[in-house]
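Note that the chains are named A, B and C in the order they appear, and that numbering of residues resets to 1 at the start of each chain.
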Amino acid sequence: MWTTILVSGISLGSFYVLVALGFALIFGVTRNFNLAHGELLVLAGYSAYWLWKAWAFPFVLTFPFAILVILLICLGLQRLFSRLRDPIELNSIVLSFGVAILIQNSMLFCFSGDYRLIRIPILNQGFHIPGFYISYGQLTLFFLSLIILGILYVLMYRTYLGKALRATIQEKDAAALAGINVTAMGTLAFCIGAVLIGLAGPLYGCIHYLYPSTGHEATLVAITITIFAGVGRLGSIILAGWILGLAESFTVVLCGASWREMVSAVLLLTLLAFRPHGILGKGEG
Amino acid sequence: MIQSTSKKTVQYDDKWGITTDKTSLFLGLLALITLPLLVQTNDYILQVFTHALLLASLALAWNFLGISGSISLGHAAFFGVGAYGSALLSLEQGLSPWLTIPMAGLFATGLGLMVGLICLRLRGAYFALATLAFVEIPRVITDNWDALTRGSLGLVGISGLPTLRMGAWHVDFGSSITASYYLVFAYFVILLGLVTFVFRSNMGLALQAIREEEIAAEAVGIHVNRYRLLSLLMSAFFTGVSGACYAHLVRYIEPGLVYGLHFSAVPMIFAICGGRFTILGPAVAALVLYPVDQFIFHPLLPAGHEFLYGAVLILTMLFMPNGFWGRLRNA
Amino acid sequence: MILLQLKSLNKTFNNFCALSDIDFSLSEGEIVGLVGPNGAGKTTLFNLICGRYRPSSGNILFKGIDITNLKPHEICRLGISRTFQSSRPFPRMSAMQNVLVGHIFGKGFSLHACPEDRQMAKELLEIVGIAHKADTPAGQLTLSEQRRLDLARALATRPKLLLLDEVAAGFSPVLVKQAIQLVNRVRERGVSLLIIDHFLNLSLKVSDRLLALDHGEKIAEGPPHMVMRNRDVLQAYLGLRHQDEEDD
């Protein structure tokens, strides 16, 4: 039992990391909460599903398409967000809430409420090592998340561009005074976020049924992990993701699958009640 | 001294700055009272407007909290608790809805107290996120507690709206669509009266001050935490009552619906798009947008017609932050 | 009679010591100027007195009552009021309503206000000179008018002690004169004043006493002309070199 919890927890957690990274980056750089994040994820999944089902594309080729779709939408979103006045965080929540409803209904219109699934049989097959059973899908999620994190790490900590991004995350006004184009940084954050969503979406379609209202869960996960990790810390996000994944696995095994959805909500509330600025992030005031 | 010539000054009346345009109010209520006569043969129109009035009441209830500056994305928690509370009490205990509906409101208020204890120290964006998370808890519990709530199957056969008996004369509000309409209309008018009273009292002044500048409000003697809690509890109570009315109106509820996004989002959208700094704004938005959604967009797009609410919210946030009714009043 | 007493007041934020060991008392009817360069801790002191922050150690006594751990609205009801460095009016409410709020809540709770409240509010708006803009939303007032609105609102709470934070900052000589008249009128109403004045253009002219802070410490206290000659005060404002010149 414990091995199941461990394996599924870590792989689920790795997936959650992929889900949350885009959200965290966009929030860190632009201070916009994008509540449509989950809906974008599902949209990416639907895009991949459509290519895979209607046009018989190989699954791997659906990723670029999904990324492109989300990229275009995110660029449009950024335009909308940039028109908001203070308080940006709250206003972005309300605005993106509206966007989420819009996207959800569009998906309902295009794809109907039926449950869809991208079936890739090989992902469910797996192998045994003493005491453990790991599926290829779980393995993919685990390594993919590490690879993406690695790429992001190199970007953020080894390039000049990354340095500018980190500066904007830490102190937007000071960064602007230092000559960094914070608007461009915002655009970059949205683009990277879009790529990450575009990557996670098709995967979501494999491991989870796609239906228009399922985005809400994913948004909650992204918010929880971002707040758990605190703003602007890459390493904390993977820790937060794994903890959430393990907590959910544990709950599913102990109480049943239908209690899973409450885990991230309870975790988020606990975080907000005691440390709104993140357990692992810098404390303020 | 430089005069600003281009800005319009806002009309404030003798009292507390939230005025009610009495003419429009009178005309609006008149139209609503006579509606059943105007649409005699068309039950569907009446049903739509019954729902619109219920949603308008929900929007007004949401705005009890909204006037203090807090934005709640999870009000369906109170709605659902009210719906299930009243439904279960009337089904299991056989009590009359006249009793169970207010009791359901009290259940919702209890939940509101819990929310307040956990979330009221949060401000702005973080409060909103907390409410977004909070609604999951009663939803999942209701969904799983099969023994009490029949779980995800929902509750069927809930009794209809109650009967009013006065001596020999009685009116069964659950018997016809017209009767239900009038009961919901009466509830709406009562709530509107209450909102007007509160918003124009000192408490309303305090809540507005808290919304505008919380630190300054505290510095001039306003007990911020107490007022915020009170506004939350009132909001929770009336949202719960609205949920209870809904249960007896449609007579079937399930967790996914009454705790769902629809009942969290739509009242909030009506309040913001109508104007959360006004008394009538939320109601006006509900009574305009919901019928538009049902009569125009629903037939056109059976799936996805609710995009309207998302679109209106986006437009409001970008172009009319004071809301439609708020803008109209200031022009 | 001693109105306000600060005893060994300390405030540390996350390893940064904002105020250390402040001892001070203010008598009824006094006007005291709180002076010192940027970052000296003046606004922090205000925030402590008004209950917005809690001191790390030490006591604050007002009219003999220990107000150290009270909340801002309770302190306001006891009789201390303040204005803010960057004015904080209620932007979407009219000037009249801003002052009304102060008058209604300054002393306790009532369900509906009475004509008196409105009358008082009008008077106060006249005193600060913005009665003609009573119905304008406060967010549309000019900066100077907003500052004066802040003052009217603070006065509306019927304080015994008023803390003014940079009320004359950036004012031209003409406006400073008006501010001085305003301060004197406030004093005539029986209100004692503690004024933060970083630029010194106001406090030197109205204060009975000055309290000088630097880096969180009290460096001088006494009549204005003495404090402004004080070596440490000159050093804090102007630097060591000028202080040496003084010696010559």
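To be clear about the criterion, contacts are C-beta pairs under 8 Å (C-beta built on N, C-alpha and C of every residue); 3 or more make two chains touch, one makes a residue touch a chain.
Here the structure is a predicted model, which is why all the values come from computation and not from measurement.
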At the largest C-alpha centroid distance from subunit A we find chain C
In terms of CA centres, which chain lies closest to the overall middle? B
CA centroids of subunit A and subunit B: separation to the nearest Å works out as 32
When centres are defined as mean Cα positions, the distance from subunit B to subunit C in whole Å is 43
In whole angstrom, what separates the CA-based centres of subunit A and subunit C? 49
Which residues, counting only subunit B, touch subunit C once they are in their complex? 1-2, 4, 7, 9-10, 12, 16-17, 201-203, 205-206, 208-209, 212-213, 215-224, 277
Parts of subunit A lying in touch with subunit B, wherever the complex brings them together: 33, 35, 80, 83-85, 87, 89-95, 97-109, 112-113, 213, 216, 220, 223-224, 227, 256, 258-259, 261-262, 264-266, 268-269, 272-273, 276
Subunit C residues within the subunit B interface of the complex: 50, 52, 71-73, 76-77, 81-82, 84, 88-94, 96-97, 100-102, 104-113, 135-137, 140, 142, 153-154, 156-157
Inside the complex, what are the residues of subunit B that reach subunit A? 71, 73, 118-119, 121-122, 124-126, 128-130, 132-134, 136-137, 140-141, 143-144, 152, 261, 265, 269, 272, 301, 303-307, 309-314, 317-318, 321
